[in-house]
Each structure stands twice: as C-alpha cells, then as structure tokens.
Amino acid sequence: MNRKRKIAVVVTARPSYSRVKTAIQAIKNHPELELQLIVAASALLDRYGSAVNYIEKDGFEIHAKVFNVLEGENLTAAAKTTGIGILELSTVFDNLKPDIVVTVADRFETMATAIAASYMNIPLAHIQGGEVTGNIDEKVRHAITKLADYHFVASESAKERVIKLGEEPDFVYNTGCPSIDLAKDVQISNLDFDPYQKYGGVGAKPDLEKYLVVMQHPVTNEYQDSRRHIEETLKAIDDLKIPTLWFWPNVDAGADGTSTGIRAYREFNKLENVHFFKNMTGDDFLKLLNKSMCLIGNSSVGIRECAYLGVPVVNIGSRQNKRDRGFNVKDVDYNKEEIKQAILKQIENARPQSSDVYGGGDAGEKIADLLSTVPLKFHKTITY
Amino acid sequence: MNRKRKIAVVVTARPSYSRVKTAIQAIKNHPELELQLIVAASALLDRYGSAVNYIEKDGFEIHAKVFNVLEGENLTAAAKTTGIGILELSTVFDNLKPDIVVTVADRFETMATAIAASYMNIPLAHIQGGEVTGNIDEKVRHAITKLADYHFVASESAKERVIKLGEEPDFVYNTGCPSIDLAKDVQISNLDFDPYQKYGGVGAKPDLEKYLVVMQHPVTNEYQDSRRHIEETLKAIDDLKIPTLWFWPNVDAGADGTSTGIRAYREFNKLENVHFFKNMTGDDFLKLLNKSMCLIGNSSVGIRECAYLGVPVVNIGSRQNKRDRGFNVKDVDYNKEEIKQAILKQIENARPQSSDVYGGGDAGEKIADLLSTVPLKFHKTITY
Amino acid sequence: MNRKRKIAVVVTARPSYSRVKTAIQAIKNHPELELQLIVAASALLDRYGSAVNYIEKDGFEIHAKVFNVLEGENLTAAAKTTGIGILELSTVFDNLKPDIVVTVADRFETMATAIAASYMNIPLAHIQGGEVTGNIDEKVRHAITKLADYHFVASESAKERVIKLGEEPDFVYNTGCPSIDLAKDVQISNLDFDPYQKYGGVGAKPDLEKYLVVMQHPVTNEYQDSRRHIEETLKAIDDLKIPTLWFWPNVDAGADGTSTGIRAYREFNKLENVHFFKNMTGDDFLKLLNKSMCLIGNSSVGIRECAYLGVPVVNIGSRQNKRDRGFNVKDVDYNKEEIKQAILKQIENARPQSSDVYGGGDAGEKIADLLSTVPLKFHKTITY
Amino acid sequence: MNRKRKIAVVVTARPSYSRVKTAIQAIKNHPELELQLIVAASALLDRYGSAVNYIEKDGFEIHAKVFNVLEGENLTAAAKTTGIGILELSTVFDNLKPDIVVTVADRFETMATAIAASYMNIPLAHIQGGEVTGNIDEKVRHAITKLADYHFVASESAKERVIKLGEEPDFVYNTGCPSIDLAKDVQISNLDFDPYQKYGGVGAKPDLEKYLVVMQHPVTNEYQDSRRHIEETLKAIDDLKIPTLWFWPNVDAGADGTSTGIRAYREFNKLENVHFFKNMTGDDFLKLLNKSMCLIGNSSVGIRECAYLGVPVVNIGSRQNKRDRGFNVKDVDYNKEEIKQAILKQIENARPQSSDVYGGGDAGEKIADLLSTVPLKFHKTITY
C-alpha cells in the first residue's frame, strides 16, 4: 500500500480559517491523505480573535505554530512580518516534509507560505485565486497564482481569470468556496445560543429579534483614511438606533485607525443599541448572520456566504470591488447618509434569492479529493 | 522647481548588474532623477565575483549594502535568504524613502525587493519581465510582474506576455534590454587587455587567437543533477582540446554541485587548454566574448548579447528554454557528444548575423526617461 | 578641531526613557558629543505607552526607529524579539557608525543592543549595571556588564558589584541614576495639571487630595502567576476605597496575565475610587507620585525616585529584591491582607527622609562628560 | 519510573564538536538521559569542514539542523548570524522541549543558544566557562556564564573564576575538558591511516616521519591584520622546509583575511613541503598531532590536548592569552623569525611531560552524570 500524501495547510488568520475549515476536515477524513495543520500570524493572537482556540475546539491537531506578527501596524511591519514568516515556515516545511502545501486567499502574510513552499520545490496549492478586489490583496493574490501549481478557485469567473494568467487549464479547478460548505450547514438552523453569554464582548445587549450585523475592515492602501471610514459607519448605525451586533476587525496595516476610531467613538457616544464582539466561531457567526436583517461593512462574507444564504448586504467602499455578486448586495461609498439609506432599503425589500455563484456546499470534499489525485509537480511554464 | 524623483535600484548579483548598468548610469545622469543604489545578496560576496567592486569602480555611490545570503546552498537557504532580504530591504526603503523601486529580472532573491516595495506602497518597476525560461525563475519572474506597477521589457514577445498577464498596456514598455547597450559599445572594440594578467584565475593559459568561452550555471529545480550536468560539459571541452576560457558560476541553490564538479574534475584531469576565471568586468567579458569562436553553457548572455554581437552559442539544457533567440544559438542536451558536435558545427559556420530582438542599444536611456515621467502609483487592478 | 564623538543611545521602552532622559539631554547639549537617538521595541508601540511621542515632544530628533517586537507575549516571542533586534540594530549601527553605543538597564531586549554593538567592535556603555533583582533581568543585566566596556552605575553597592564581576575599576563610574535628575526637578513643583483631562484613561475620577498610586508589572519567571498576583493587589485596593491612580503595565512576557487580570476584574467589580492610565510623561508621573500618599506595586520607581523624593512605597513581591533601598520602602508578598496593612501603615507614618542612595541629581551631566573623555576601546580582559 | 531528562546539546562548529564529543556520547549512553542533538552554523557547512558529516559517522542522530550563517565574513554578519540563530533555535527548543540545554565554550554564535534557552526559562549548562583569552570570545564567554545555570569547567583556575563572577559554588563543577577524553584514547595509538589518501587536500605530500602541524585562526578583534599575521607563519614554514601538515581555519569574522592570505601565498610560492587539509575527524587529527614534532598556530588544541599528550607547541599571538598552560607551550608574536626560532627550539628539546591541568580523561562521563542529577532551575541571583 502507498504512503499517505502529507498535506500541510497554513492558516494565518481567523477569516481564512472559516474559509478552509471544511477542506481541512475533508483532508483529515480522507483515507489517502495525512493532515499537517500549521497555525501562524494573527490566527495565534488574542487581539485578533485567537482562531487557534476554535481550531483546537474543532478537534484538529496543530502540527506547528508560527509566531511572525511584528508589532507596528504599519506597512513596514507588514513586509517584515512576511519576511519572518518565510524564515519560520521554511523551517517548519523542512521538519514536516509535506507533499503539498496549501495556502489560502490573499492576505499579505500568505505570500510567506507561497514563497517558502515554491522555493523549496514543494508543490503549492492555492485556494481562492483568480478573484478581483482592488488593494494590495490584488497584487498578492495574483502573484501567488504565479507561484502556485494547483488552483482551487471559487467561481467560474475566477477560473477563467487564472487560466488567462497563463496557468495550465488542467490544474485550475472550480471547486466552489469551502466557506459555502459551512453556510449550507447553518442555512436551516436556528439561533440556538445566547451570543452575549457565550462570547461576552462589550456594549449594550439589544434584543435579538430584528438586528443588523456590522463587520468592517481597514483597507490597506487607504491607510490614512481608515479612521474616517469607520466613523461614517459608526454614525450611520448610531443614527438608525436599530439593534446591531458589531464585529471587531482583524489585523491589517491600518487596524489601528479602525480600532482607534471605534474606541474613540464609544468613549463619547452612547451607541445604545450596539454590542461589540471580538470573535465568534464561524458557525455561530453564520447563524447570527442568517437570522439578521442585513450585513453592513466590507467583509467578503457579505459577498460569498450571504449570496448563498440570501442575506441582504450593504457593502461599503472598494474592498470587494469587482468580486462576483449574487442577488443580495447593495454597494455604497464611505458616507453616513448613503449607508443609512441603503440599510433601510435592504430591510424593506423581500429576502434575496439564494445564489450558488460561489459553490454548492461541497468544496471541502472536492479539494481533498483533488489533493489525493493531482500529479505531484513544482515545475511549470507559462502557457503563452 | 520640482524635487527630483528618488529611484532606488536594487542589484543582487553580478549578472544582474551587467543587465542594468546603463540604466543606472542614465538614472544618475538624468536631471530629474536622483539615484539610490542598493547592493545586496551575492553581489557583495567574494565567492560570487564581488559585483560591488565593479560597481564602485564604475563610479557609482552605494547608498546601502544588504547582506542577506544565508549559507547552506540548499533550497531552504534560498527561501530564508529571501526572508532576510525582506527584513533588511524594508528598513532600507524606510530610510531612503524612494519614489520608485527598480528590481531586475528573476533571481529568487529579487522577490524580496518586490515584496518589500509593494507591501510598503512604493511604486515598483520591473526590468526584464515577460520572458519564458522553465525553472523556479519562471515562477519568480511572473509573480514579480503581478507585484510590479511598471514593466520595462526587453522584447516584443515579452511585452505581449506581460499584457496577457493582465497588466495595463499603458504601463508595459518595450525598452529593449540594457545589456545590449553594453554590447553595442564593445562591438567594434578590440581585445585591449591581457585577461590572465588582469584577472588572475587558475589553470592553463592558452593562446587567445581562437578560443571558446564556457559559462554554465546550476539549474535550481534539477538540484541533484547539477554535478552530472557540469561533468558532461567538462568532458566535452576536455576532449576538444581547443583553448577555452571558463567562467565560474554565480550563487544559486545547487552551486555546490556545479562548483564541486569543476573542482573535482580538475583534481583528476589536466584540462590542458582551459583557464578558469572567477569574475571579470562586464565590458571585458563582452570583449572576450565578441572575439571568441563560440560561447558554451546556459548563460542568458548567449541568448541576448550574443544575438546582437553575432557570436555563435551552444546552449545546454533547459535554463534558457523558450526565450527569444536571434540567429546564433544551437540548443543541445546535457550530453558530452551533443555538446562536442554542436561546438564543431558552430566553429565551421559563418559568423551569424546581428539581431535586435533584445533591443537596439538605448535601453538604459529609455528606462531613465520613463522613470522620470510615469505617474506615481502603487495600486492596480487586473485588466480582465 | 576634532570631530565630535557620535553617541548612539538605544531606548527600548517607556520606563527606560525616563531613566536616561537627562543623559540624552546632556549628550545633546555637550559641545564635543553628537547624539544619535534610536527608538526601538515597545517604545514605539501604542499598546505600551508610545514613549516615542514623549521623546519627540521633548525635542529630540530620532535617527532610527527599530520595530522588533514579535507578537505573542510568551517567552519564545521574547527570545525572537531579541533576535530580530540584533538583525535590525546591526544595520542601524552600520549606517550611523557611532563611536560609542549606550544601552540602558536590563530589559530582555536590551541584550540585542549589547550584542550588536560588542560584536561589531563598537565600544559599549551600560547604564545601571551592577544591581540585584531576582528574575530574568538578573541574568540579562550581568551578562550585559560582561559585554560592556564602560559602566555608569547608580549606587556604590552597584559599583562594587560590577568590579567584583571582573571589570576594570577604571571603567566603572558611580554617576548616580539619571532618573533622580528628573526627580530633583519635580521635588518642589506642584500638581499643575489635571491628569484626567490631560491623559484620559478609564474608570472613576477620584478627588486628587489624598490618593494612592499603583504600578505593578508582570514578573517574567513567574509567568503563570501574573494573573493571581495582580488580583491580590486589585482586591486590596478595592477594599481600601481610597482614591487611586493605577498605571498600566509595560510589555513583558506575561503582560497578558496582568492585563487580562485587570480587565476581567473591572468587568465584574466597580472599583469606584480607581482611575486607570495607560501612559504619562515622566515629569507628570513624578509630580503625581510626589504628591501621593503611597506608591504600591513593584516598579523600580518606588525604589529609586521615591527614595530621593521621600515617597512611601509598598513594594510587592520579588521584582525589586536586593536592590538598595532608601528609608521609604515596606516590602510585602502577593497577599491582599499584607498589602492592605502595609498601605495603611505607610499612610499613618511621617513622610520618609530623602536619600541619595541613587544619586544626587546630576547623573546625566556626569554621563555625558564621561562619554566625551573615556578612551575608545572594545577590548577587555577579566581582571582575575 | 521517571521520564528521562531531555538534554539538548547545540554544536555550532567543528572544533566545538571535538570539545564535547565524549559528553555527547556519555549523554546518549546514560540510562536516565535522552540526547537531543542540534547541529548549527558553520558545523553544517562544507567551507568549514562539515562537522555534521563526522557527527553522523560517529553514529549520533541529529534532531535539528539550524542554518544561520549569514555570508559576509565581516563583523556585522557575525552579529546577524547570532540574531538569526536566536530566531531559529527558539523554534527548535519550542519543538523539542528540552529539560536542559547545553552550550559549548565561547564562539560568538553560541550566544544565540544561551539567549534562546535562558529567555525561554530552560535551564542552561555551559561547558568551558571561566577561561581567559583576550578577544571577543572573552566577552562572549563570561556573558554566557552570567546567563547559565550550571557550569562544567575544565580547570581549577576556571572554577575559581566562575565563582568570582558571582555564580553559586554549588553549581560550578570542575569536570575537566571532554577534549582530553579523546586525547586519552589516542595517546597510545599509532598513525594507522594515510592522511593524504583518507582526506585529500592539496599541496605537496611530504613524508610523515618527522613533521610539523599548523593550525592558525583569524583573531576577531584584529580583523584587518589577519592577512599579515598568516603571512608571517607562511614565510616561517616556507623557510624551514620541514614537512608540514597545515589545517584550514574555521569560520570567523576575518576568515577572509586568513584564507585569502594562504591562497595568495600558494599562488606565488612553492611551499614544497606543505600539505593543506580542510578537515579531519578529531581522532585522526589527534593521532597526527600526537606523532608530530610540534604544533604551530593559535589553536586551543595546543593549550589543552597537547598539554595532556605532551606535544610541543609554538603558540602565536594573543588568541590563547592567559589560558592555563601545561609544560609544552612556547609563546611568540606574529613574527617570522620568532616563529622559526621557537619551532627549532621545540624540536630540539625533549618531549614535554604530560599535564592534567585540563582534566584526566573522564569529563564526558562526569558531565552526563551531573546532567542527570542537578536540580532543574532557571532562576538565580548573583552571590554578592
């Protein structure tokens, strides 16, 4: 009998974990694969929601932890965090000797995974390439595509784009997005927990019958403006006086602007209907989303999971520019009035239809199957 | 009057220096540009030809030296060298605050320049993107294209390829290759120096009337085979008994195989007609090439400068695969007999015609002019 | 005329800055010295009080900023932070080419300064060696003494200890502690500002007639116990119901335990008389201390500045073990009752007499004078 | 039954390996100890004799390899090599979770071991502290003593010195030097191999009846002079025309000067009686030494092993200043004539008497026994 293929998955942040959880589970369950789970960067840190705790609660063994976040929350620190990530991950890969390394999406520090693996001649799989946004993620995402050997993309347009980038079509697979797998599970579930009791957090504890959810991240290349941006949203929500659950942003150059903006606003304003959470399991978060009236902010959850769930979204600013949309999104600028009006419209409208633009809920299984069968290779040539 | 634009050029290896020397000179001379020259990696090291000495002799002031080569000469060390490069270069960019950073070609460690600059929101120019080879350079080169904001390519087919990669055509410029600028200068020159006296080296000192030149680098993704490869070439040259000037390879994962192969062969074989050089100024090297009967190996000089000069080339193995060729190249495998036969053919044939497939000798000036006029930007979106 | 000596001072944390501020000022003012100020580590970070802001407000030009704090707040991160510090500081020293490097006290990351300087053959001056505490600082402090070429110690017993460590007596100088220079300035000053207005912070705003001050840091080698320790202090203060100003701890492995302890206690308890500050200029902090009834915690300010000022101190736990004391300190264990009783005793007693055990207020000037006259050397031999 | 204690030994260079080999063997054999062997820095590199190959041939399993030598061979690179060493070793210690870490002697990069272990609260044992030389090693050695918890010293005077440094006498053990254990084994052996055949090397192959051995390292703090120093020795040996075996220096800032000096001299001079070796097993080296007429250079082997073996030594320059001597050493300056005269004197004299100043040949066993019984602790206070 053949030795199992060793698949190293590197998770660097809370949102990335949700985005690959079902793939990790499917790799673990697959009879011909051996999972090597590496948790790195902000996924290990309290300040950014300690994804590591959820990973452990989900029953996954962690094979290596890589601390590489250099404090500073400026652009230089982002570069250096990536440099340290390469130093550390190359040691980890040397120890674990994976057959394939899997990297997820487009956060700046995922480049460290891609470089360490490709420079060490380890076949590299990339989940969620081929999408279009419009900030530093854009550069990172497509650069990783050019370093990767296998592409597990989330939509047809992403597949086309990766092929146009000169990748061999035989190694570009539209598996759908694993995050939709999770959405599928919660679609018919109820809100079977008390979020205030289970997750603490600060602020008011509004009634959970009809509520909004907010999740807004800083946008890297508009660093200076992070604080102004978040203030528009804060004012809009403050004005509406609708019960609101607000989720803290994850780390990024600029987090300071956003986080400071929220803290400062809370010092001087009541925000009587708003509760702030630092973190939550993906499942519980989706259950809350699924029962909410509308998601506000710039999270990709609004574009992906909410498309499948049919949850209305007010998407603010440029962060999700050019990503495929289902039937549920209203785009607005960083402007209090626009945000308010869009929220009110979304609440009045009928619930949007579900869309499978990002997959049908079996992406994790598809990815594990492919990882067990793709030919091992780390050598490629552009197709044109 | 406007402040001059600060242009930081990062040189990481001896061959890269030759490839940008005229651009560096043109930037220095340009009335609206201020040159910030950064010398890094193997360009600083004795073992790899100390490009830094030539740079200083050429009269360029060096604004920062970055030591980042981690010893080991294995693939892990290549990854870590890149990680350290990011740590160091981000500090340098923080200090120098360039308006544009220029990175050259596709060596693994150039990725450090590209990541540090792009993550710090500094506009990034890439010289010599869009070409096709077939090893790790291939991944690196196109990944850097996806991180870069301006593309100074060396041929029409390279330009087409960069545009196909989703880059905005307005920012892709076929300047030709600056290395051709140097070739132009020496085309009509004579061999006005004694290479043995000027550059030392070891081995025989054959007569310089009719001679061959050899330059063969290890190929990263065939690491294990480096030694076997070089031995085929050594045996072919040994058999032919034609006067030969052999140039030591530059650093790369695998250098050990190649270098050890040469050293070991010399211990046990006479190589009566072969002299070994560790390094030489680009100018003198081109003069020697220009007067030689044939260049053997896998150096890109054979593909580029020799196309312009009309020097016959026997190109061995996969390293220059799919790069545009002039009229001067015969491709062979790692095989003593094939190599011998090809050399004999090339010597018999008439001197090949000159080709401007890699430019007409004014690339440096064109690049400097563009650097002084392109709009400053570090934000882009894929074109499809 | 001779070139001025370039003196590089590396400041890595808020408390270290207070401890060398007058030396920095005296170096800046000295006609034969040129100040090169380097701000590094937690001194640059919001979370730890942004010493950098005070440094700039004090009118000092910063020659280099070194971000080297690796997030994680565990012991591995402390080691790695030091490693990154060496990488970065050696580049800075290479650029600035100081004649002497000055490092302060005994925080773990100061070892990076000491190693970078001594390995680069730059004469190294150490301020505040020779003292005795009883944690990792103890190892760091004496190891730095063995790397340093000049020793500017703060007391006679420290001087004796450094000499016993095998250092040449000619290069061990009892200058007193520069922090006493600052205390001297505020000794006769009044509380001329409203701390709530000037520094914000959270919690109650008790009357500032008769108040306590608390400052308690985690103790590295009792990592697990940090939270339990702080809770004893929290309960003691909560019970006493005396107006209290509480200062947030600075970074250290274990900060999490202490910080989390404070945060958690505040969630569930009123602490009606307590206000929490994140940071304050050294001057204002000393003014507050000078007018306070008692300082509680384990800060070295209690041992040093308060000795000179004659402020009563309740010193908790092992952190200041074996440091010289004036007439003002009562030592207690991590125990709510002991802490309470000691505070009540200190409040009842007459104000302690001033002591010059840590210097008479001219340490900064003495240090600058010595830096201008000591022979430059980086070579030494143990004296026995 | 109790779990075995895990003992991590970090070997960073060829000479350090010889110095702890019997301790490593004894730890491996000890019923209550589990060996964790870490090979790092120049011990992994071809250029410096690949200690790693000998370690593997000796049958030791290697638990981690740490590449941390940054190329440059200047002082900045030495500092950075140490910084990278801390980054890497802290990861290794995190993975292996040793009960005690063992570091050897005083090379600059051993500081990385000491800092990583002590900062991570792992008990640290130091072999060969307390000695006196007179260069950067001097600073490093005593600084490591101040970081270490257990001291395994090689002589009575070293023991006294460590105690004077404020270490608790209960934790300072004169075990003798493990290198003497090896010398004991070869003392009665014959030259049972042909060194030219077994180890290759370059140069003449003089008869091995009556021969000299040379081993001279660069001295860090006289960096500029390395080349001049080695030339004096080269000329002295060249003049004497006595058969000579010359051993290549190991890495150090300055290696370039020494190595370049040797290479250059060989280009222009015949050195008809000299053979150059790059490396040799410790055993074979000692057998050669034991049968030689005299050792020339500045290796500590001359001071230690040769004291026990009774081999005459001409010790050049300051590198071994103030180390205890047996009856076998003649000290000279960097001066061709002095060196020649001293060699001739040593050859004429009777063979010196054996001395046990560095131990009686059972140091390895003593160290292993102590490691199995010392109380585990990482907390200490200076004794005065």
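Just so it is clear, A, B, C and D label the chains in written order, and each chain counts residues from 1 on its own.
Operating definition for what follows: a residue touches a chain if its C-beta (ideal position, glycine included) is under 8 Å from a C-beta of that chain, and two chains touch if they have at least 3 such contacts.
Because the structure is a prediction, the values reported are computed rather than measured.
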If you take the mean of the Cα atoms for each chain, which one ends up farthest from subunit C? B
Taking each chain's centre as its mean C-alpha position, how far apart are subunit A and subunit C in Å? 41
For subunit A, jot down the residues that touch at least 2 other chains. 76, 80, 84, 87, 91, 94
Touch graph of the chains shown: is it line, ring, star, complete or other? complete
Please name which positions on subunit A make contact with subunit B in the complex. 75-76, 78-80, 82-87, 90-91, 93-94, 108, 111-112, 115-116, 118-121, 132, 134-136, 138-140, 142-147, 161, 164-166, 221, 223, 321-322, 378-382, 384
Quick one: in the complex, what on subunit A touches subunit C? 44-47, 67-72, 74, 76-77, 80, 84, 256, 267
Residue positions on subunit C within touch of subunit B in the complex are 64-65, 84, 87-88, 91, 94-95
